[in-house]
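Heads up, there are several structures right after this.
Consider the two complexes below, in which subunit A is the common component and subunit B and subunit C are the respective partners.
Moving on, here comes the complex of A and B:
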């Protein structure tokens, strides 16, 4: 029977599994331990519902409802001095709970604090663009759409950014294989030569580590050499191992200790 | 109206008949002064740009996807390929993020060596920036001078780790090697001469009439615009925001060394050029101090954390248990605790951040690379309109974007 591979997560899995190993946690501390963060959290809590808040690795994490994302960020920017949105992206939890987690990494230069706002949306749901607050979200949100297919409302120029415009599939989803899917392996052939050339050219090899044992064009067969391009799919000729030296080739002699000069004292 | 067919394809560079007399110019992706694979769609009225659409993705390798399919140590050489002008700073950002996730403390000698590598990389990057930008503007001499000095630094790095461009010179938990014998003497020789070299560049450029015409009051970024676009590094400091992560959120030994953060409020190309020059002097100052710190450090180079980091080579070769642990760490990889971390470092280009979400496995569940150049390319959308075609080249030059980092 073939081994079961889950279809909702095709990422590489570790070969070794340790069923008794319990992963430790990065320590989470209470927000009240940091006066600045505690004040910020109070201000957010006064206006919005906060699902969870804690400090991890010196940064506060605030989990909110996805519908509040614009207004919370607006408050952070205008009232709480988080003037820069340094990063924004998504995490794919579709296999576990059918949701994307979206995080906004904020920076306050006056307070020297970094804060992460997180929220979750379903696969078919959309999220409000924060481009009106931070221009940097323009490109980040395009990238998030490009990589995950997260739909964003009110974005001024929603278009793929890293992948070609006519690409199908969202590469950073866990369902997307590392080497690309079937669409990816025909993309360039179709684009450059047309679909009618598929038969002649064949699919693109997107696995740089692939070894084809019948390919005599690109792979050397040490000890079993055959002429380049020979078809060996139906069996191959026996290659007798013959070394040039054995026949006594001009200028090539086997090593002979008697004839050789041994340098005992190397001056380095 | 174009009638494209197979023999006469669509000419994307030219729109033939437009009522409003607008010309669309396709700049790149193979333009020599685009600093990599940048494609710009420029809408022009005569010579003036009315709209600009930067188009990226020509060097996209899916590093974040690759990271999800690799153990942590495997990913280290991949980070070299982001900002390949100063690759140790990428290595360092990643190593620091994983160390913060695990909670590792690095030995002092490793910290000193890391500081040396980071600052030499900053010098290399700034020299490279100066050379290429000056060449774009037409100053061939500066290009040759700056490359000469950069070559010396490359040799120095080669002495340390054997590589010139993709160093992979930093490991999670420390550094792999101690400094070679003549490293410090060679570095000091270079630093002693550097002020003269910088003065040479400045003599050639500072009052150069062409350089000033191309640089002064060109590509002015206001403070609000820089903050809103997520600018960092010199792009931010040239616009009047005093923010250097080395100073504000010090990592390694940056809180023990004396250096100042040059800031300008002009926001134009010339301000950025002056800041690059000033930063090179500051880097040299830091390096002098770090050289003096090296003497007093102990011999350890890697942190002691057997669960995550292999033991030193001598232990692996002599002690069975260290060998077993090394074997497990190489074949299975380290498994950091469950949690997430965002760590920002000041790379030569700006704020280089790594967001890691670990679910306790040997592969990161999600790794986001926050590369400064991404937004420094994005800002061209708002920055270029109103400028003229020759300004495009000088503006791209001073944004100091590297496409390995933009596309990742």
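Moving on, here comes the complex of A and C:
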């Protein structure tokens, strides 16, 4: 018998999921379809173990062991004419498989081909630097360390590149909150004024449309103005905030000049 | 025969102007606001345009200075990142009193669209701000208007030495 699913709040919580839905994938084709790539792959396979290889959007993807990354790229550069490293970064698959995927995007100007070398390392593992082969790897590897916390061996200047040196956490990991953890939210306050100033300065206002209806210093009330700095926290009729998308106010009324209270000089 | 007669009490005849110290000092201060070049992002382009010939900040007496020690106005034009926050505070501290701050554009006012871990959510978390200028990015005319409003604000202030410097906390 099928498991019972409560359907009393169907509008709020969609319970239906398509069992046959598959995430769309970029089509892969076999390496043998392209003669240049097939020859390259044979050359790599002769020396290193290749875990997987396919062609995707006219680019060959070669998956190798992480320990081979320097020697594979050395071979690609010196023997197979892939003379440029155009991009290098990591992808966070920690939630799915506990690993980072590191990719090296290579370009051969003579063959007019692009090739991507991929390898996977665990969270606590490190990878060999390719900065000795490609100078462009210098900043890319620093950024990879800065954003993902992937440690690079034998890098000449292993330091954060975008975030401040005393930053905690790695912002491009999937587990890092977009608006920052506690350290990030108080970073500038802690650094400039010290932790004891947190209470005085207060937490960040992350709502740009926030209006404090009792704050007469910074906000002027529409329709019923009060002198600046007046305390209206007592006995004020509450104006409920309604949004149109929540089924609230449909038509917006114009202010009636006769009913409105207007003060000519708010600063008095 | 021509009669030489000057009415000293009419038509500015008396070569004396009566005023207060406050007015004279504030007249001087408000008409020679030297601004620190502080372009952080795209608002910086608008700030440069305000300083260039078409909009011409020089006629307001606003001349951009590259040193905080020669400036009394800081126009924070652009996104302030958390990495940069300590430097803006240090530059603000280096400016001589009296000093004023215009927070230019949405990013400097509230963090703007950068609702992320790396952006300071409003420069007023770091330095005291005198004037918030909305817009993304504000046009040079708007920045001119902001400077004119700041001039009015300065003219209202007391020029007294004992006036306390603005504090954030």
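By our rule, the second predicted complex is superposed on the first by the 183 of 268 C-alpha atoms of A that agree within 3 Å, B and C clash if a C-alpha of one lies under 4 Å from a C-alpha of the other, contacts with A are read in each partner's own complex, and residues count from 1 in each chain.
Just so it is clear, a contact is a pair of C-beta atoms (placed from the backbone, for glycine too) under 8 Å apart; a residue touches a chain by one contact, two chains touch by 3 or more.
Computed from a prediction, not measured in an experiment: that's the story for all the values here.
Enquirer: Between subunit B (first) and subunit C (second), which, if any, makes contact with A:91: first, second, both or neither?
Expert: So A:91 only meets subunit B here.
Enquirer: Return first, second, both or neither, reflecting whether A:175 touches subunit B, subunit C, both chains, or no partner chain.
Expert: Touch partners of A:175: none, neither subunit B nor subunit C.
Enquirer: Touch test for A:192: subunit B only (first), subunit C only (second), both, or neither?
Expert: After superposing on A, A:192 lies in contact with subunit C but is clear of subunit B.
Enquirer: Please name the chain, subunit B or subunit C, that touches the greater number of residues in subunit A.
Expert: B
Enquirer: Considering only the touch criterion stated at the top, classify A:205 as touching first (subunit B), second (subunit C), both, or neither.
Expert: So A:205 only meets subunit C here.
Enquirer: Quick check for you: in the superposed arrangement, does A:59 touch first (subunit B), second (subunit C), both or neither?
Expert: In the superposition, A:59 touches subunit B alone.
Enquirer: Tell me which partner A:26 touches in the superposition: subunit B (first), subunit C (second), both or neither.
Expert: first
Enquirer: Quick one: classify A:134 as touching subunit B (first), subunit C (second), both or neither.
Expert: First partner only, subunit B.
Enquirer: Let me test your reading of the model: by the given contact rule, A:184 touches which partner, first (subunit B), second (subunit C), both or neither?
Expert: second
Enquirer: Between subunit B and subunit C, whom does A:114 touch in the aligned arrangement: first, second, both, or neither?
Expert: So A:114 only meets subunit B here.
Enquirer: Just which bits of subunit A does subunit B share with subunit C as contact spots?
Expert: The overlap between the subunit B and subunit C interfaces on subunit A comprises residues 163-164, 171, 176, 178.
Enquirer: In the complex of these two chains, what residues of subunit A are touching subunit B?
Expert: Those in contact with subunit B are residues 11-12, 14-16, 21, 23-26, 28, 56-57, 59, 61, 83-87, 89, 91-92, 103, 105, 107, 109, 112, 114, 116, 134-136, 138-139, 143, 147, 160-164, 171-172, 176, 178.
Enquirer: Which residues of subunit A touch subunit C in the complex?
Expert: 163-164, 171, 176-181, 184-185, 187-189, 191-193, 197, 200-201, 204-206, 208
Enquirer: For the complex, give me every residue of subunit B touching subunit A.
Expert: 56-57, 60, 62, 64-66, 68-70, 100-101, 103, 225, 227-230, 232, 241, 243, 248-249, 331-333, 335, 337-344, 351, 353, 355, 357-363, 365-366, 368, 370, 374-375, 377-379, 381-382, 407
Enquirer: Would you pull the subunit C residues touching subunit A in the complex into a rising list?
Expert: 82-83, 85-86, 89, 106, 110-112, 115-118, 120-122, 125-126, 168-169
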